[in-house]
Amino acid sequence: MHLLEIKNLHASIGDKEIIKGLNLTIDEGEIHAIMGPNGSGKSTLSAVLTGHPAYTVTEGEVYFKGKNLLEMPAEMRSREGLFLSFQYPVEIPGVSMVNFMRAAVNEHRKYRGEAPLNASEFLKLMREKRALVELDNKLANRSVNEGFSGGEKKRNEIFQMAMLDPVLSILDETDSGLDIDALRIVSEGVNKIHTPQKACVVITHYQRLLDYIKPSIVHVLYQGKIVKTAGFELVGELEAKGYDWIKQELGY
Amino acid sequence: MKAQETYSNLFKNYREVLRLNAACALDGARDAAFARFEAMGIPAANNEEYRYCDLRPALEVDYGLNLYRMGIPAHPGEVFRCDVPTLSTKLFFVVNDLFYPNKKPIELPEGIIYGSLNEQLKANPELLERYYNALCSQGKDTMAALNTAMVQDGFVLYIPAGVQVEQPLQLVQMFQGDIDIMATRRLLIVLEEGASANVIVCDHAMSTAKYFSNQVCEIFLGKDARLEYYEMEMTHDKVTRVSNTYVSQDAGSDLLMNNIGLENGLTRNNVELTFQAPDAKADLSGLSLLSRQQLSDNHVVVNHKAGGCNSNQIFKYVMDGAARGVFGGKVLVQPQAQKTVALQSNANLCTSKEARMHAMPQLEIYADDVTCSHGSATGQIDENALFYMRQRGLSEEEARMFLKFAFASDIVERISLKPLQARIRMLIGKRFRGELSKCAECNICP
Amino acid sequence: MEKSPDQHIIEEVTSGEYKHGFVTDIETEVIPRGLNEDVVRLISAKKQEPEWLLEFRLKAFRYWQTLEMPTWAHLQVPEIDYQDIIYFAAPKTESDDNEEIDPELLKTFDKLGIPLEERDRLLKGGTAVDAVMDSVSVKTTYKENLAELGIIFCSISEAVREYPDLVRQYLGSVVPYRDNYFAALNCAVFSDGSFVYIPKGVRCPMELSTYFRINAVNTGQFERTLIVADDDSYVSYLEGCTAPIRDKSQLHAAIVEIVVNERAEVKYSTVQNWYPGDKNGKGGIYNFVTKRCLCKGYRSKVSWTQVETGSAITWKYPSCVLKGDESVGEFYSVAVTNNYQQADTGTKMIHLGRNTKSTIVSKGISAGKSQNSYRGLVRVASEADNARNHSQCDSLLMGDACGAHTFPYIDINNNTAVVEHEATTSKINEEQLFYCQQRGISTEEAVGLIVNGYAKEVLNKLPMEFAVEAQKLLSVSLEGSVG
């Protein structure tokens, strides 16, 4: 059984089909990179996998840990261990980070049949995980993402990832808007969380993130399909030559 | 019109009963007020001010009136449990429209007058008569006129110059009785120069009959006086509340007024605030949580008669079911009121198909050196935020609750008494979970 | 006492002459003052109208008699004696030949910047004009060229004769005679105005415009405009208006009706420059206008743009009924009041269809002793899913004797609506003023610049030629009115 298995996935938003027959298999311990030009469907893929209501799956199947992922509401996918680090984390004024995370962590625990954390246990966990991404305590006391800088938002995403301890994480352009230091902190955070029992999908345009979080398998997504899959060497090739050669190779 | 006639006849038939035992000020104001009531009539749907708040059905009910001032057997202090546990307050009770004298005298600084409005008007006419009805008689609301015509007692709080009362004073107004009852409630709050106080007024209904409260509250803030005035309504679907609050602020005075509606039937809150002298400040806020057929209509007029004053209004509504929210806010800046800063904001969350919102935020400005703005926004729960939270494992229902709570939170944060704030927060959470009615050991709310 | 430069400028501006205040010396045929059924019949007879139209007028008149003038607006309207008004006035022409226009009239419109000789203007990118003086249309230019495309552009009187079926189908369909007091009055006594019909799929190649001129003394003007844009058509329509300086106020009560069918778009721009009265508030036009557009078809669109500088009293709410799914309504307004002018103006956006969208941008500027109110309604009907509205209403105060007011009404009956209203009121930014002065710009010019900047969002919506005129008008009406 694979950790994630996507078979002939088609998905659209409104009348527009964006994912057009995508196949992908991910196993435990693997780090995949998905690259591709703008508009190729990378963010749509992450939204469809996590169950964003704006998208409709018109064809295909997705299995996560052997379970039919597409039948689950968004929160069940999360509780099963699927995490998305948002490209644009949503600001939620009035909802404090602490209350939000506590509710999320306890929902996950409840799902696993564990007792909820009490306040001091929870704060201890927060402290521990915050340190991973050097997230300021002040930020943890603010409203979710409200008034966070670009870098803080991304660190906050990885912090939440650490808190929820997912099996499969999708990092959607987590490098965008990060300076060199923040990039390093975020990547180190991701690497510390990673274990052989987990997998990770890194969606990005650039090599720089992949130098830190090293993928073993690299895919090129183009026009809603994976058109090329290779090893890490593909990253350098893309960085040097862009995507045009792939398009030519494919006869587009 | 039937209701109009009912109340007119009632007044005429019981004029002499109303005179019995009434303080001069109370009785002296009745006839003029009744004449105004008759002239203006009960507001009908064609009345612009009451366009979305039709009082007629509520007034058609044949209410019992406690004209002969009959008490209830048990003292309310013994049956009432819904206080704020971590906040120690001085408690006062009004049952229906009867003020219950405290069993033991309450320790308050010297010179403070409190308690039964009727009794204190008799005891301290020279002090209180110039305040009683001074603002209300200038108003244009029919129901306020009816109140003045019918009122027999109420609650008064008078704080002399320079006296600061730290401990919050809490007035619990409850409805009790198995028959449909109408209560004419009256409050008079006077803070002389430099005085300060915190007042909490909460409305409760202890059983399921149809209740109607017609309340008038007059507040006078002297120079540099400071008042925090909190109102909370936790009644039920069959309760109608009409409240007229008049505020007069002298130079440098500071008012914080906050109204939280947790459960209600039909509520109409009118607030009319006047800055009489410069450099005063008023912060007015309200939160209405509405379900089923509930209606909440807040009409606020802030009259900047003097310059350099600062007013800030923020009113929010969260509606589900077929609930209806109405907000009418007016900022009036008179020609002489230069350097006015007036902000007004209204935000509404409709979470069901049948919920309705009507907003009429108004600015009427006759002075040029001012900063005035208003905004009104009506929308739904942010779908992106909802998805974000679900991605983190929160159920849709819980995520929605979080977001509703967040929407309401800036009103709650304006409550500066922290224990009260915590209490209100807890009640709002229960309200959103539908557990509020279960706490009071009763089955009033469906 | 030494006058500050600002005060000086205020005086200069308030004494600024109304530029279009001259009187045309032309013989005018008028009917006797007063209003009764006979007058209604007489107007109809003068226009040789069919029976159905006379019936329409009479019904409206009878209804009007049952009404009282509305008082809800933030206006102090002096008593209007409806029996002291002349309801029909027409410049007399020497010959019976309609094509021959009195040279005096040509001169008048020339002077107003509206040449009626087609050779004076380039057809391409030009503007076709229907010129209306008092109760009659003087001339409509480029009629023939437009007719080749199937576009009908003529006076409404002519339309009643030539295209009775079209007129009958649409007249009163958007603003019924029972709509309000002034609409009923207009329906009873309306004189002339323009009729526009754009057939399916036609994009009108030039701006169409109507220029209204009140000239005769003691008359009221009751024009009526009807615009119908059929499926997939487009037209940009302009309206201009002026009147001579007279001590006595004159009444103007017009109706504009617009019907927009599927995917069609109408842009309606007004620069209203009626005589506003003198600096003591004497004279001026009382302007009570009902303008409404029915966005009937799927994806239909209307855009109202108005620059209001004229009239002693303005009561006007160009509205959009968004009936078609995905229809769009826009309202852009700059209203300037000075001296004793009073304006109560705004819009109504009635969302009936699904996914309808509306935008309101209103900029009020009050100076002198004037009162300027924005009044607007945004209503989302229960079946109007996903309606969107954004309203921005700003007021600028110049001087401490004027008033600026905002009265929005928001009615939301569908929870999928997103409706936002924002309004601010402030005085002209002194920092900006000082900055300009520091750079050597005179206060007068600086105010002109700042006010134009403030109103830019609206002015940008006007067709080019109009925008220039409007900018000048704004500066003239206000420059330096800083207290």
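Points worth noting:
Per-chain residue numbering starts at 1, and chain names A, B and C are given in the order in which the chains are listed.
We take it that contacts are C-beta pairs under 8 Å (C-beta built on N, C-alpha and C of every residue); 3 or more make two chains touch, one makes a residue touch a chain.
Being a predicted model, the structure only gives us computed values, none of them experimental.
In this assembly, the chain whose C-alpha centre lies farthest from subunit A is C.
Here the two chains linked by the largest count of contacting C-beta pairs are B-C.
Here the spacing of subunit A and subunit C, counted between their Cα centres, is 57 Å.
Here the spacing of subunit B and subunit C, counted between their Cα centres, is 45 Å. Between subunit A and subunit B the centroid-to-centroid distance comes to 50 Å (mean Cα coordinates, whole Å).
The part of subunit B that touches subunit A in the complex is made up of residues 382-385, 387-396, 398-399, 402-403, 405-410.
Interface residues of subunit C, counted against subunit B in their complex, comprise 72, 74, 395, 397-427, 483. Those residues of subunit B that touch subunit C in the complex are listed here as 48, 335, 338, 348, 350-380.
Residues of subunit A touching subunit B in their complex: 50-54, 73-75, 77-79, 83-84, 86, 89-95, 99-101, 103-104, 107-108, 111, 143-144, 160, 164.
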